[in-house]
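One structure is given below, represented as structure tokens, and several questions about it will come after.
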Amino acid sequence: MLADVSFWVLGIVAVLSGFAVFRLNSMARVTFALLASFLAVAGLVVLLGLGYLGVVTALMMVIEMVVMAVFMIMYMMNPAGLMPMSMYHNKAGSMAISVGTFAVLAVGILLTDWPVRRGVPAPAQTYQLGLALMGGQMLTMMTLGVTLFATIVATVVLSTGRGRYDRYGDDLAAPRADDPAGGGVG
Amino acid sequence: MDTGDRMALPLWWVPLLPVLLIVVTAGVVAVDEAAAARARGAREGLLGSAVVPLREGARLLVGQRRRTVAADSVLWRIGGATLPVAALLAAAVVPLGSRPVADLTDGVVWFNAMEVLAWAAVWMVGWGANSALSLVGGYRFVAQGLAYELPHMFALITAALAAGSLRVTDIVAAQQDLWFVVIMPVAFVAYLVSAVAMAFWGPFDAAVGRDLAGGAAAELSGVDRLVFAGGRWLLLVVAVAMAVPLFLGGGAGPWLPAWGWVAVKAGALLTSVLWLRRRFPTVRMDRFTEVSWVVLVPLTVAQALVVALVVLGRGM
Amino acid sequence: MDLTGWLLRVAARRPHALVVAVPGETGLRLAVEMELGRRGWPVADSPAGADLLVVAGTPGPELAAVAETVWAQLPAPRARVDVAGDSDLSRAFDAGERELADAALQRHVVATPEAALPHAAVTDHRAVHDIAAAPESGGAGHGMAMEPGMAGGHGMHSGHGGMEGMEMPGGVPMADLGEDRDGLRLDALHVALGPVLPDWPAGLVLRVVLQGDVVVDAEAEVLDGGAGPSFWAEPRRRAGAGEPVSVGDVARRAAARHLDGLARFLGVAAWTDPADRARRWRDAVLAGEPTGQVGAPVRDLITRVERSRTLRWLIRGVPAGECEVAGLLAARLAALRAALALLDDPRPATDVDLRALDDAVITPAGLAAALVGAELAAARLVVAALDPHLRTPVEEARSHGHR
Amino acid sequence: MVQFGPVGVLLLVGVVLVVLVYGLSAFLAVARPVVDAVAFGGGLPPVEHAFSRFHVRWYPVTMVFLAFDMEMLFMYPWTLVVTRVGAPAVIEMFLFLAILLAGVAYAWREGALRWT
């Protein structure tokens, strides 16, 4: 009973705030409407009995949406929607795609003949998840590590205007970096 | 490895938790006020300091609210209200004695997720007012989050690693023989530093700094200010109190009941945090970010490695 | 039972005060700070957090207008205390407290809320053009399609290409694009800082252009045409006029001046404990306490500030014009030490070279130039480290003429 | 899921408390809210809306942070299985972290952790 109520409340919040992303004019509100939608989805994941995944979704999404707000506001004109102007490109198209996807998925969910659950889920899912991650193949983690390393290097190369040669001189011999603003170390 | 809630307090504790937290917080405010009065050379006396939180509460409760021109009121108010609610939810997994209000299997992750809500909350409060100084304050806090969050997560993970569990009561149980602070002093210090930074309490209070005329809180008055400032204090109390089950053995100790030891340990930690605030000027993030990434993160990773080796050694 | 009235009375015992300092009336500011400290009333950072507006001195027309704006920003319960040279501070503050506790009055005061956004916003608009001539952006430069057919007809936005003819909330325009040292074109926000900020030089207004929180351009002015004769230089002036003034008199005032500067610098750096102490000993020095009483604690304070690694690390490499913030602080501490050594010197001031006690003098233009390129927090530190007694160009020329 | 019950109730209690405080203040406040107060910058009215394209100088830090933060997703479950899997889990995780720290060192040298 309580689970049903929670399910419907969270579901409606997720859909409505997801829809609000298209309706709001302010970049800040759009981002946090998306965050509200993600948080509701995280609640639904918890309802499914996947505690770790739900909580970690909330954790990651809060961080990521705040970072996204920073970037949206940095680059989009009229970030607070003070001017009555639309900030969307191809609003009708994107709306059609998202509403269409939602409808297809919802219909699919309703029409599928879901099998009845046999057995019970493993008692300690987080533990199982850890085993799955660490289970035997070191390759997964190493590939991931190198990928993330490449991501860090690539973003640094792409996003910083001044590299080490600008900071320490052509022969990298300067004892202190020459930066417009000082830092904490070195 | 069971998933039940065997250790949780009965449900009627849920409404008691906020009351308890508010009382403790008022006490902490009073102690801080007494310390401030001493530095000023004023002779306010303990009683004078004790009524300060009440006077402040009364003042903000009757105070007039205000809305600035073209403010984003929705985000502004939601941001302010998020702070106390997030602190309260984070407190759910802190054992008050030997049992928490909610004994989650992934309690540590839950705690982390709730406190990270402060990122969104402070930024929204800073943004909402449509005021340059408050906006800068909000952004300062996001920069601060980017600096403190990784050492914070590593500190949490190190404690969980030593116990082999993400459940806070298991972490306490794993410290029966030896408090974790002994085998992970670096993680303990990193945790306290990041807990203070998360509650944007000094010396990490640049987001609401005097140089910005109050920063993110510059335009808040009346009950809005009460909720924001109260939420900040609650967050500080909860974040610091969480160090007790994570590193200081929870309610373990002779003579006193478990809740007594939790209170003593948390009180000692809070006092030292209040004292430290008076020892340092505000740390700006253009300085601290590099320190955090280049010094604190490798140190906490090394600490996790040491603890991992201890755990391996114990397993053999 | 009138619960609101009761709560008002409870709260009125500890109001938060916002002080508007009038240039040239430093003595009154110190008296107000002392009285607030004596009562244990906290100093507010901003109008939103204040209940009591204290105007320390008789403001000129420009500062009086600012005081009005700030007063309109104060939420109820609120009271205003204007103190002049001959006011009985204690009585004025008592009256303020009574006013705050008076529920009927507070309800009446706010029954007619001032229109908080006056035409001032429009008249002040010139600032945008005065400073950093608004960048040449046009609608095309934004790269965003705007829907046509907006409400038009507000002529005041001329010069703001992107927003031309669009009605903005409050009649205030939005920031416009500007070049950036990173090669990005993002908004350059025009902000007027001061004159009512915590630990801020009296009457100083800094019109800055911010990109993010970095000051890309700045312009400084002092309201009502400058600070007039400095309170801190008063014994010097009397000595110059031929009155019998001892070295001790000059040194005492100089020590108080440097303690005040130190307190304000530490206040901006938010190191409250030593800042409070510096304020306390400043008052003691001004009150004429004997050297035996104040010498040792002030020297302890100096040592504590000098030895703080954190403070050194925080102000390391922050440029302030020709020198650095760290250098300014060291100079202030050295001058304070020198003044302490001379507190009881009975020789006539005219016989001794006292330049070691002097303060850095800077013109508004020099101050503004020192801030360009600084992050906002660093800019605040620079202003506080200089803590300038600002003189207008006219005054500056006159003082040079005297030499 | 059952164990989240108290948390859900606590969320409700928290929200109700905040609403109560607001309601109490609406009842007790000495005056109705002021609307359209000017933003404070030191006493002069603002010349422009503060809402603007705010240039954060630390955007490279956010990117490095997001990359590093992904790893935490794996590290929480990892803590549970160290005793079971043993040395391979430790070696694997800390090699992974070492690679990421090398990335951080690179970012530091390039000045990406500074307010450029």
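Each chain gets a letter, A, B, C and D, in the order it is written, and its residues are counted from 1.
Here is the rule we use: a residue touches a chain if its C-beta (ideal position, glycine included) is under 8 Å from a C-beta of that chain, and two chains touch if they have at least 3 such contacts.
Bear in mind that the values here come from a model prediction, so they are computed numbers and not experimental data.
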item: Chain pair with the most C-beta contacts; value: B-D
item: Chain B and chain C: spacing of chain centres that average the CA atoms, whole Å; value: 33
item: Euclidean distance of C-alpha centroids - chain B vs chain D, Å; value: 13
item: Approximate Å spacing (C-alpha centroids) for the pair chain A, chain B; value: 25
item: For chain C, residues contacting two or more additional chains; value: 4, 7-8, 46, 48, 73, 75-77, 110, 116-117, 168-170, 172, 174, 182, 186, 189, 191, 197, 212-213, 313, 375, 378
item: Multi-chain contact residues (two or more partners), chain D; value: 3-5, 28-32, 34, 36-38, 40-42, 46, 49-57, 62, 64-65, 68-69, 76, 79-80, 93, 104, 107-108, 113-116
item: Residues of chain A whose C-beta touches two or more other chains; value: 51-52, 56, 63, 67, 70, 74-75, 77, 80, 82, 124, 126-127, 161, 180-186
item: Topology of the chain contact graph, where touching chains are joined (line, ring, star, complete, other); value: complete
item: Chain A residues touching chain B - in the complex, by the definition given at the top; value: 26, 28-29, 32, 35, 51-52, 55-56, 58-59, 62-63, 65-67, 69-70, 80, 82, 123-124, 126-127, 181-186
item: Touch list for chain D against partner chain A, complex; value: 1, 3-5, 8, 49, 51-57, 59-60, 62-71, 73-74, 76-81, 84-85, 88-89, 92-93, 95-96, 99-100, 102-104, 106-116
item: Chain D partner contacts - residues on chain A that touch it in the complex; value: 2-3, 6, 46-49, 51-52, 56, 60, 63-64, 67, 70-71, 73-77, 79-80, 82, 124, 126-127, 129-131, 133-135, 138, 141-142, 144-146, 148-149, 151-153, 155-157, 159-164, 166-167, 177, 179-183, 185-186
item: Interfacial residue positions of chain B with respect to chain D in the complex; value: 3-5, 8-9, 11, 13-15, 17-18, 61-70, 72, 81, 84-85, 88-89, 92, 101-106, 108-110, 127, 129-135, 139, 142-143, 146-147, 149-150, 153, 157, 160-161, 164-166, 213, 218-219, 222-223, 226-227, 285-286, 289-290, 293-294, 297-298, 301, 305, 308-309, 311-312, 314-315
item: Complex contact set, residues of chain C against chain D; value: 3-4, 7-8, 20, 46-48, 66-67, 69-70, 72-73, 75-77, 103, 106-107, 110, 113, 116-118, 120-121, 124-125, 127-128, 168-170, 172-175, 177, 180, 182, 184, 186-187, 189-197, 200, 205, 211-214, 375
